[in-house]
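Structures for review follow.
Here come two complexes built around chain A, the first alongside chain B, the second alongside chain C.
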Partner chain A sequence: MKWYEQQGKQGDVVISSRIRLARNLKDFPFASKMSQSQAKEVLQKVKAAAKPLGLTYLSMEAMPPVNRQMLMERHIISPEMLGAVDTKAVLISEDEKISVMVNEEDHLRIQSMMPGLGLQEALKSANHVDDVLEKSLDYGFHPQYGYTTCCPTNTGTGLRASCMLHLPALTANGFIHTLLASVGKLGFTIRGVYGEGTKALGNLYQISNQITLGISEEETIKRLVELVLMVGDKERKMRQNILAEQKSRITDMVMRSLGTLKNAYILSSDEAFKLISDVRLGINMGIIKDVDITDINRLSYEVGAAHIASLCGEDGESAEKRDIMRAKLAREKLSLKG
Partner chain B sequence: MLCQNCNKKTASVHFVKVINDVKTEMHLCDTCAAANQEVSSVDNFDITVSDIINSFFTQMPSVAMPSMLTCHACGLSFDNFSKTGKLGCSICYDDFGDKIQSTLNRIHGSVKHMGKIPKRSGSAAHQIAKLQKQLEDAIAQENYEQAAVLRDEIRKLEEGDKK
Partner chain C sequence: MKWYEQQGKQGDVVISSRIRLARNLKDFPFASKMSQSQAKEVLQKVKAAAKPLGLTYLSMEAMPPVNRQMLMERHIISPEMLGAVDTKAVLISEDEKISVMVNEEDHLRIQSMMPGLGLQEALKSANHVDDVLEKSLDYGFHPQYGYTTCCPTNTGTGLRASCMLHLPALTANGFIHTLLASVGKLGFTIRGVYGEGTKALGNLYQISNQITLGISEEETIKRLVELVLMVGDKERKMRQNILAEQKSRITDMVMRSLGTLKNAYILSSDEAFKLISDVRLGINMGIIKDVDITDINRLSYEVGAAHIASLCGEDGESAEKRDIMRAKLAREKLSLKG
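Moving on, here comes the complex of A and B:
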């Protein structure tokens, strides 16, 4: 089972945790100022330094475009990795929890992911990768400002710690607006994972730290965990309120969505994200009992446009064929259990 | 009209001065006009105009100073960084001096790294952190002579690391 199919701690609200460390090599200009030959040299140096880690090295250039998109849909690479592919590569662990993007905005973007609320564990494994790489790579490190990065918003720890949260109840009652406006004051930011602001597709939000200078990695994570737990509590209380006051309506909503997901013949990705959100809520509220959350976790990645296109093969270009394939996939995954 | 100064020769230079809305007129002959500092300076009026333009240009560098600030290693100018928000290399952090420091302070509300220090690349930082701890102890024990020595040592390390 892939890590993103598993249900982690606080899994009814927290889908996944991610740690990202930005690092640069001292003797090379940052990616934006680098020549192609320098970029290739960085690729070789990182590839050699990563040997002891046993990661798979994938050149972006050698990869079919649809595979690049699939890596992006699984959050293994960022959208930036899809441009200037001849200078970029990614190193991935077998379980896909660890990845290292090479020549993104910074020379190195070390990523570590965990299901549910697992920031501490994710930081521990990212630190391990960082330590191994640093044994043979000369990092840019300023005695006062810490790790040097291309964008000054990352200078210091180079750390971006984030959690993906499923917040359907807080979205429905509008509390999400207050949250979006207030977390900034605490040095954090919250945004929709798909789509912008409050129109977050599938009620999925990413909450992450903004400040990387003047605060340690451990303290950043401690504060983020506190914030995530607080938001999680609010979401759960709202869900309980809904269950107490509008049980029939919420039951009708999630069961209808499950029905559509099990029976639809054409399914756009937007609709799929909405339905999956409803079914996820139904399972976590105890309304839907015969669907396994791990199937929903897997489905939420597999309905992405690139994943569907890869299943379609030559028909991947046609939006309607993709929507038909998406509906087929959902029917198959869910009817086995139903 | 006779020269209002000598009252002998005919006034050939007519000088009107307006300062703070107060108008003063002078009507002088060539001899007296040449002798009068204020009036004779008007002869150089062309130069005064170019003086003004020149003074504008000599003031320029202080206004446009940021554009002169360039990283010696990667060639990125601070102006360019201000537009894109992206730095060119690790050396930019030293070459942009106070400017980058205030940028960092504006973003993070701090200019001091408090996190992980890499084992190799951060050897100087490790040493500085150790000395800073000793410095705090020395100050706490009011051992100011020792504190001064430690302070100088830290400074030397910080300077050395930038090279």
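Moving on, here comes the complex of A and C:
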């Protein structure tokens, strides 16, 4: 079972938590300055060091381009991994909770995902991977500044902790603007996961720490959890207000979106994200009762352009055929569940 | 079973056929010139004459206003029947095929409805009512000009024959404009059943004869049937073109409308007419297979404002509550059928 097929804490607002640790090998130049042979040496060293973890090693070069896109849509790899593929690889656990990108911006990017609000668990699991790798690898580490990283914004803990939040009510009432403007002062940043700024497609936002120097991993996560809980409370209160004041309107909106998702024959990814957001809200507000939230979690990945293209096979190049396949997938996934 | 719960000939395009005969009693002034006591005398005479027909006699005055509106929505009475209700009545058969308005513009308006293309049958059945009534009533009749009527446009046969057609494809491709402009020359008229002209709500059009003088009932109907068959063929050809060239798009459109009709919580009558038109098209094009056309026929009456107001009881005054009730009705009627 993949991590996104599980329901996590605070799952009505928090879709997922992610920990990313940036690490570099002290005997090699940073990834951007390495020769190809050095890069391949790093690949081999990491592959050997990761053996005890039982991860699957995937060379980016050996992978069909559509599969790379799929990994990106599932947030397992970053866009940087799509270039200079002959020097890059990713190691992944069966449940996709753990992934290690090799020769991205840093030599190592250790990632751990958890459903819902699970930053502590994700950190624990990333730390375990880090510890195992460190047994065989020599990390660049400065006694005063901490882990060395290619970009100075990561130096220190090398930690990026983030949560993906579903904030349809705060988006609808405009409070999201205040939030976007204010979290920076607290050392955090918030941005749309798809699309730009407040035009977040599917009302999904990622909130993450900006500071990695002069603060411990534990303190970073403690503050992020506090912020996420505060935002979650605000979102929930606003949902309750909507339910109290505009129950028919919101019921109409989410049920129409469910009806469209269950019946459409052509579905763009933009529309799919919007409909999925509405249905997710409907489930979490108790309006939609016969759809399982984990089906919606899974569907939100499965409707991505690369996932659909891979289902289409040879027809994957045609946007029209992808839109028809996307609609078919949504119908099938939802009709089984009422 | 009401007539609109049955499927008629050419039912994929022709919703219904209607015959209306205008008759006046020669010993009374026209309805607009009668005293109240004369009008009441006409009511009594007609009621007595109609006895052998086994129709239900409904005094307009005794009827709650919402019920009058419902009869109008089902095309059993005309808007004129809503004024000066103390002098008006309607006689109706159980299946609502036959109705006789008394003291509308003419003393008698005998109507006969049939599902699909059934003008001959409707004429036969109207003639039967006419014959029975004539046994006890003295009609105004001129040996040269035929039946006398209040408005000279009805003088002669007193016949108005009409068909209600569903023309979504001809509306979409704009051919409806040519049709609207050309049928006048043939002595017919075509207009939107709801809304005005080409802005026909729900793509429903009524086509009827304009000429009542110098042409027999049989000839009028023969020509109207020819015209309806010609229009029906054009509509069908256009539907086939759409299916051949834009199958995904049309499937997407009708399935989304079905999804909305099955799931919405707020539904205006305008939107309901549009959705019902799409679903009707989907059924008749073979795209929608699990919805029965007679359910759609019934629903198209049941979503009318007065029918919904009557279901709402005390809440019937509020447009918002009617829209919620309309959506509930559509969900219930369609969810039972898959």
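Here is the rule we use: the second predicted complex is superposed on the first by the 338 of 338 C-alpha atoms of A that agree within 3 Å, B and C clash if a C-alpha of one lies under 4 Å from a C-alpha of the other, contacts with A are read in each partner's own complex, and residues count from 1 in each chain.
To be clear about the criterion, a residue touches a chain if its C-beta (ideal position, glycine included) is under 8 Å from a C-beta of that chain, and two chains touch if they have at least 3 such contacts.
Note that the structure is predicted; figures quoted are calculated from it, not measured.
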First, second, both or neither for A:Y4, with chain B first and chain C second: neither
Which of chain B and chain C A:T260 touches, first, second, both or neither: second
Partner chain(s) touched by A:F273 [first = chain B, second = chain C, both, neither]: neither
Which partner reaches more residues of chain A (counting touched residues only), chain B or chain C: B
First (chain B), second (chain C), both or neither touched by A:S248: second
Which superposed partner A:P29 touches (first chain B, second chain C, both, neither): first
Chain B versus chain C as contact partner of A:F188, first or second or both or neither: neither
Touched partner set for A:Y205, first chain B, second chain C, both or neither: neither
Which of chain B and chain C A:E134 touches, first, second, both or neither: first
Interface residues, chain C side, partner chain A - complex: 248-249, 251-252, 255-256, 258-260, 262-266, 320, 324, 327
Touch list for chain A against partner chain B, complex: 24, 26, 28-30, 32-33, 105, 127, 130-131, 134-135, 138-153, 155-157, 159, 211-217, 219
Chain A partner contacts - residues on chain B that touch it in the complex: 73-74, 76, 84-90, 93-94, 100, 103-104, 107-122, 124-125, 128, 157-158, 161-162
